[in-house]
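Heads up, the next two complexes both have chain A, just with different partners, chain B and then chain C.
Take a look at the complex of A and B:
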């Protein structure tokens, strides 16, 4: 089976996702549009103010934020990419035949791969990345 | 291919209506459960006449959900002048799209057997006159062979809507809510993906959603093999949907409404709709991985059958989801909310190491699965061992500086004047 015939035969399975995507976009747009059309529209100086529990707003909301959110994003990237690489492994590894010479190889490769990220995890822990105080 | 496509489209049309209708009634159910938990009555007045039609009676308040929906359409859809207009309008749409997409691979009704060849009626456009030979089809919107990866992938795009909504509002509450929601959803995605990874390993490398049901149908459900993993996964589902006790992003006492503070009318409702559809999908995902999908315990149901069997399987699947949704609501109205540092610590210091531990142990057991002493119940032993290990070595792990130490004010009740 060439790549193109495979793509054509798989397309039939993915086509409903496309239909669903169109329906979802249509649903979202229709709801937003309908409520804009149906509802009343009144404006006012105080009504347009930023809501800060009734106080006069101080400064803009687009300000610097704590760096720990950035660190969370970075550690997330490390682990998520690692897990993505583990999925094909998890799908192939259990179906290795009994007594297959690749069994030990597959297991030790995964162990090494996870070990590197465990070291990274321990390092991050020691560095205080997971301290949210 | 064609019968599969037809069944897929029919499934989409049926399930999308079931999900959207049940969302409005889930909000009603949530209010009823809250009332039951807090010993109140809850909504019980609104009937189906809405004061316009000649119906009498209260109908148990069932009209409330529809009345709320109609009301939201006629509310003012206000866009404050200080917001980023394009992103502000786009955000609710971005929230609702992944929510409506992610249930596509859930196998609602098992398989349907076209046992006789039939011809599509000639009056139908495009397909008229096509002959369909006998075949077996999946009663799923999209029976793709990487179902769980699809759910995880689409589910993780749900972050974008929240971030965009929080950032575009140009409001400090919204901004903080958006930041918190992002950090929380990113953190809990990792243990969730690890849990799915372990279940793939122990289900002989299955990736398609229906294969997980095969593994468990007429056998033992995964929740008995992996009890701790199921708990971790359920906690992650709660956190991914921003549900209590992990609803930090919209903590009313701290952040007013969180990322949807500045939203009103149907735009606001789309955020809630997204949350409730995510709850349904999350419960469906949990049912699929741990509760055996459409499998009924004890009864040996046939794998392939006609319309009646499909309907029965759909009802079984839906009732399992309903039970899980009830548990989610029960948790919401019983447990207090986490603090933000507790939330992040739970993810990074507890759930991820535990899930990694179970992954490594399960990987080793799968490696030895042909050995004589192997039995699937060893996975249960691994899970119980992980609980014991966590309880034993947890206190010895490196801690951060003590949090919220009681301030030793002289004369306060924590350090009385001596």
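Take a look at the complex of A and C:
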């Protein structure tokens, strides 16, 4: 059976997803439309503020950020991605048989992977990525 | 072949990787004397990697397959490139001032570690490309080759042009990566496999069932070829070459001319190896034919119009990619070097690398008015001030041109000979005409060096390593041109084993049927 006929014949399986999608869209549209039509409408300066009952906003939201935030974000990404790779490894590692010859191999390979990140971290630290002065 | 055996093959890469990590850390040391070790660490890790490859070859019974051939070539040419590039960090004002004690030490402003680390990372990528037996592996290896070069282009020179060319190179490179990644996705979609040998099996089944491979697989391979064409600067992905080669510092330009190109051709050989033996769809044959003809012609014709030697050499690099694409058409050949396009390309990569690195190293050894020498005026009358460098330049351009005593001549004989044996006579005629056209600008460089008037503003850069590297490259090109028999036979042996099935070469104990049985 080719992919296309499969997609057509098994389309019913996707019906719940479609119905959920329609319900979500309908709920959102209905709420906005009904409150516009039925609700009272009063405008004002205070009412139009970003946080109606919070702090008074200062300046514009579109301001320039220091470039060092970018480097911090990049460093964060390194460790974020590392965790993503650690997770499947950690879920497979316990299922190795007792005394399996692959145990040491798997562990040392992951340690090597972590070591590369540690070197990257040490490098970034020494380069002054985390220094704010 | 499982992953554990695969790891055994990549010890040379691991050696380079460890060397790169060490460079990063040592480059941050407080003492200048310790920081200066980074270049030596890079050289040592290259030597260790070469020693490991040699040991692996000996263990495999002395047979040099495609993978060890590329790795040995990368180590040998990499050492010459390292000599050319050793002085790059000192060229930067910030690093120089700090090392001379004029400024206080600030780890963020010294690039001694990074430069050599990126150098090694990129070479690691080429070696991994030669190891690839899987699409995912191939993609990662190609990107590992390219990503460090973007940074090397942008940071290795105190000029805004370098940053401009770095940004251009990065964005166009990212686009090319997207193109070949899409091609890989289509190949996977058409066959359901990422492993090269399993893709070949699937393609064989398609041929058995329909008499041809599926259009989806053809499209995937075509897109992959186009994307990888960026790495070798072939038309239509050649636009960046002249600007990037000009903007980068000369040592990095020499690096760009050899390293990504080698990775690109290894990847192209691997991708064409996905086709079943003796079967190339007409679409792919025509694509390669047209690409080869256009690449040669565009490179040579635009090379005629330049006033900057670095741009001339950039267009020459495009033209040489065109010559090597001719060999790609004759890929599935007999074992003979003259009939085997793979062997011819492998040989030509070394021939071209030595000649072009020699020429760039001569440029890098000179400076005019405090800037790197790069125009015809700067090298005019070079023979009166620097006779040895002028001689090296002459040997290099003669080898690029392909005149008989030099290695470039042998390379062209093998490339064009293998194409003729496969019946691409028309293309070879175009290639030979192009070689004749290229004589104009190569001889223009030589005549500027020998017959031009020196204005006396060109002086040599401090340090002996660049002229030495230029000399080694040119002498090697000359000696191998006379006595290249060993290299030719090695390339022939290496070319006898197309990648995708190189697993069989590195582990002769494993029966070739094992991969099919494991499905």
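In the analysis below, the second predicted complex is superposed on the first by the 72 of 133 C-alpha atoms of A that agree within 3 Å, B and C clash if a C-alpha of one lies under 4 Å from a C-alpha of the other, contacts with A are read in each partner's own complex, and residues count from 1 in each chain.
Everything below uses one rule, namely that a contact is a pair of C-beta atoms (placed from the backbone, for glycine too) under 8 Å apart; a residue touches a chain by one contact, two chains touch by 3 or more.
Since we're looking at a predicted model, the values are computed, not measured.
Asks: According to the stated criteria, A:14 is in contact with first (chain B), second (chain C), both, or neither; which is it?
Replies: first
Asks: Determine, for the superposed model, which of the two partners chain B and chain C contacts more residues of chain A.
Replies: Touching more of chain A: B.
Asks: In the overlay, answer first, second, both or neither for which of chain B and chain C A:127 touches.
Replies: second
Asks: Pick one for A:105: touches chain B only (first), chain C only (second), both, or neither.
Replies: Second partner only.
Asks: Can A:116 be said to touch chain B (first), chain C (second), both, or neither?
Replies: second
Asks: Go through the superposed model and pick first if A:67 touches only chain B, second if only chain C, both, or neither.
Replies: After superposing on A, A:67 lies clear of both chain B and chain C.
Asks: Looking at A:55 after the superposition, I want to know if it touches chain B, chain C, both of them or none. Which is it: first, second, both, neither?
Replies: A:55 sits against neither chain B nor chain C.
Asks: What part of chain A is shared between its chain B contacts and its chain C contacts?
Replies: Shared contact residues on chain A: 126, 128.
Asks: Show which residues of chain A lie in contact with chain C when the two form their complex.
Replies: By the definition above, chain A touches chain C via 102, 105, 116, 119, 122-123, 126-128.
Asks: Can you name the residues of chain C that touch chain A in the complex?
Replies: 4, 21, 24-25, 28, 106-108, 113
Asks: Under the touch definition given earlier, write down the residues of chain A that touch chain B in their complex.
Replies: Residues 9-10, 12-17, 19-21, 23-25, 27-29, 31-32, 34-36, 38-42, 47-53, 60-62, 65, 69, 72-73, 75-76, 79-80, 83, 86-87, 90-95, 98-99, 103-104, 107, 110-111, 114, 118, 121, 125-126, 128-133.
Asks: Okay, in this complex, where on chain B does chain A touch?
Replies: Listed in rising order, the residues are 1, 4-5, 8-9, 12, 16, 72-78, 80-82, 89, 92-93, 96-97, 99-101, 104, 141-145, 149, 169-175, 179, 182-183, 186-187, 189-190, 193-194, 197, 200-207, 256, 261-262, 265-267, 269-270, 340-341, 344-345, 348-349, 352-353, 356, 359-360, 363-364, 366-367, 369-370, 398, 400-401, 403.
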